[in-house]
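So, here's a batch of structures to check.
Okay, so chain A shows up in both of these, paired with chain B first and chain C after.
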Partner chain A sequence: MNEILESLQRCVERGKVNIKSPYPPDMKGQDGTDELARKALEAGIAPQDILSKALIVGMQKVGVRFRNKEIFVPDVLMAAKAMAAAMEHLKPFFKSDELKHKGTIVIGTVLGDLHDIGKKLVSMVIEGSGWEVVDLGTDVSPDKFLKAVDEHPGCVVGLSALLTTTMVNMEATVQHIKSKHPAVKVIIGGAPVTEEFAAKIGADYYSPDPQGAVEFLNTRCTPN
Partner chain B sequence: MMTPKQRFTAALTHQKPDRLPVTTHHVMPYFLTKYMNGISNDQFFADLGIDPIRWLLAYQPDESKGEYYDPHHVPGYLEAHRVTSDTWRIEHEAIPDPRYETIRYKFITPKKTLTTVLQSNEYTSWVSERLVKEKSDIDIIAKFAVKPKCDVAEVNKQAAEFGERGMFRGFVNSFDVYGQPGCWQDASVLFGIEDLIMATFEDPDWVNSFLNVMLERKKVFIQSMKGAQYDVIELGGGDASSTVISPDIFDQFVAPYDSQLIQLAHEAGQRIVYHTCGGMMAFLERLADMKPDALETFTPESMGGDTILAEAKERIGERVCMIGGFDQFHYFKGCTTEETRKAVRKCFEEAGSGGGYILCPSDHFFDADIELLKAFADEAHKCVYQ
Partner chain C sequence: MPEFPTPETFSFSPSFQELAIDRTIVERDLGYRKGPPPEIVRQLIDEILPEVPLRLAIQCGFRILPPDLFSLTESGIECGDVHISTGPIIASQLKKSTTAALFVSTAGPLLEQWSHQLMAEADMMKGYLVDAIGSEVADRASEWLEKRIAERVTPRGWTITNRYCPGYCDWPVTDQQKLFSFFPPDFCGISLTPSSLMIPIKSLSGIIGLGPNVKRGAFQCSICELKDCFRRVDESELAAEQR
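The block that comes next holds the complex of A and B.
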């Protein structure tokens, strides 16, 4: 593989954002994803190759390592930040349709629940796998989810809850969405959530980790 | 037969009690109102046969430093009467919000007014606007925030009144209005956990300065606890679990601070339980290395944690008392009493061997069936040590 793409992939995996970033300490003073993405484009590497051969591969490795408990939340946050720095350079190519997302996922933490970090982590890994993420934030009402589904035809919906007191609001949200859009796939996750609970409330999938959500999206959700 | 206090004390000091001590974490006002006709904390324990705990946090202003009790503050659930001064005044105002009770707090100092917003529903409260918005805000806190001390006389008065009835618990002081006992955890409440994590990568010196500000306030409080007749006091909080931070962050930004507090607490004659709701398995030895007397909550995988109780017992059971491990989500609601009893028995078999274990839900609960709570307590009564 091209040397720049290899470096770019490694920087995503290690969370190396730019040359000024002091993290990781052993890469101090080296180019990060910001510089390498720019250099890759200047070298004439196709944006699609930058995305699929470097960024997505790097983020996928991060997702797998996180699932295997080899790395922790802060490592994923840094990897996502590095990914985002590279994606800034690719934005114009999405606008011009030279690059296309695999699909869209509308994601949010359900009504009554203010927890953000788990949902954000999942969003980052999904985004890093080539999907467009519409993050509705926290404490999201069923109506707000439905409105977002209306605005993004063909999207998948992701619901997060950290509390046992709020996971019950997942059921109301799933029903609300499916009553109008029965074909929309809903994926759920969060600390107290289980596969059994997903089946009970009519959700299509439960994932205990971000990479599981990515694999579900990539294999079982038709891109829009 | 041991008194509940003797039973808890035996477990906390790694001895065998007469039977498995069984208790809970906080008894939530929501639960008492919804399920038990608003009875008192003490009545909750008496009615259900659960070994009682009582919580108290009592502050003492240092008048020589111009500190006084906030005349506008009425202590809420688990709160101490707030201590303020003319250079650290706390005012609040209600903000209209159709969904939640919303209150903005202003911390007024001669240099700058810091603000935070707290929201509440019937279950709990949370911060919707962080107090520390600029990095220099920690200098304001360092310079002007009061450093409350423990009201030992009040603690001992209530401890004497509670007597042998159970375990008398306190906390290391959290930040005014809303915070957590651990230094890292308190800082995460004030700045936001995600921002704090990112700051450890981008500006670790600032994070250390921030944690030192938290540490200094807590040191004053802990050093003033000498003679307070607590059975155990709580340190820690959820944001230092392995489901939130990494071992590196724990080693660099949690352990160096909280282990100092634990040592000071021991010097003041206090026992410490370190609270970690969330993942613990990746940090078990690290947590024990801080030398707390006990660890909680040992949240099982079925509740979003990662605890394998038998493995935890094997790895650190000789070094600390273990509190928790019970899955209240699946066995306090929606199951049979037999299933609840079986879950109790499983915890006892996995962590009870040789003592040093207190059966407890993995943190507090909001909803529960009374019959299942009774079965929880009753089965624990049958888990007898020979």
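The block that comes next holds the complex of A and C.
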């Protein structure tokens, strides 16, 4: 693989944002994702290759290591920051349609629940895998989810909840969305959620972690 | 609210120093048990910790249920005509209790606001670390309160069980509505939403069994079904910390 792409992938994995960043200490003074993404474009590497052969691969490794409990939330946040620095350089190509997202996911924490961090983390990892994320925030009503699905035809929906008392609001949300858009796929997650619960409420998938959601999106959801 | 002959509640505002939270504890909470976190995380924790006391409104309090109205059942406790269904696992930990203390604790709303503000300013890392510290504050305030409860009953020759919270094992989170009915409204600045979410978020509620013959019993983590929880603390770790 191209040397720049290899370095770029490693920088995402290690959370190296730019040359000034003192983190990680063993990469001090070296280029980060910011410089490398720019250099890759200058070297004529196709934006699609930068995205799919370096950034997405790096982020996927991070997602897997997090799932295996080899790394923790702060490490994922650093990787996401490095990914975002590179993505800044790719933004114009998304605007000009030269680069396309794999699809769109509308995500939110369900009605009655104010927990944000888990859902934010899932959003970052999904974004880092090449999907566009529309984050509706917390305490999101079924109506608000439905409106967002109307506005993003072909999207997938992601629901998060942290307590059993708010998890029940996932059912009403799934029904509300599917009554108008039966083909829309819904992924659910959060500490008290289980596979059995997902099946019971008619959700299409349950993932205990961000990477599982990414894998479902990449393998089972047709891009729009 | 149920009427009892001794409807006394006790509340406290311990300082951050009294909770003895240091960087090692925060690192453990983040999941780093086998090795240290990245240096940048350590630096940020060191930067945040001195600011935490300025953004805290720790409150905690308890109420001891009147023994003459208290009874244990197979699946929970009864006090007057209120039945709290802790489920058999927690009920067995409360075995032999003469009565129980119901308690709440909170870090207050300010840390949460700080965390949200940091995240809104795109400083996810610092926001997350502040959030994790807020969780630890709520937890430690309960632990601190447990000692006050013990002090109150030891002169009678009583001991206390470990503390247990609604939402663990088979105890429904919704039972918090019953638990809160024993406290005055807005007790310790905590309110309960219809979906039984405590506001501020960094709050805890629970029960501790009391009596002359109760055993300390299992620590909540060791009876919890969430076996691979990143915050799981085993009892040896806890004992080492308390030494």
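For this structure, a couple of remarks:
By definition in this document, the second predicted complex is superposed on the first by the 224 of 224 C-alpha atoms of A that agree within 3 Å, B and C clash if a C-alpha of one lies under 4 Å from a C-alpha of the other, contacts with A are read in each partner's own complex, and residues count from 1 in each chain.
Rule of thumb we're sticking to: contacts are C-beta pairs under 8 Å (C-beta built on N, C-alpha and C of every residue); 3 or more make two chains touch, one makes a residue touch a chain.
Quantities reported herein were computed from a predicted structural model and do not represent experimental measurements.
Applying the stated contact rule after C-alpha superposition, one finds that A:Thr194 touches chain B and leaves chain C untouched.
When both complexes are overlaid on chain A, the residue A:Pro153 reaches neither chain B nor chain C. Using the contact criterion defined above for the overlaid structures, shared-chain residue A:Gly112 touches chain B and also reaches chain C. In the superposed pair of complexes, A:Pro92 makes contact with neither chain B nor chain C.
Of the two partner chains, chain C is the only one that A:Ala80 touches; chain B does not reach it. Comparing the two complexes, residues 15, 22-23, 69, 72-75, 77-78, 81, 112, 114, 116-117, 120, 163-165, 191 of chain A contact chain B in one case and chain C in the other. The part of chain C that touches chain A in the complex is made up of residues 30-32, 37-41, 116, 119, 124-125, 128-129, 131, 167, 172-174, 193-197, 199, 201, 226, 228, 230.
Residue ranges on chain A touching chain C, taken from their complex, read 15, 22-25, 69, 72-75, 77-78, 80-81, 112-117, 120, 124, 163-166, 169, 191.
By the touch criterion given at the top, residues 99, 119, 121, 123, 126, 128, 193-194, 197-198, 200-202, 242-249, 278, 282, 302-305, 329, 365-367 of chain B touch chain A in their complex. Considering their complex, residues 15, 21-23, 69, 71-75, 77-78, 81, 112, 114, 116-117, 120, 139, 162-165, 190-194 of chain A touch chain B.
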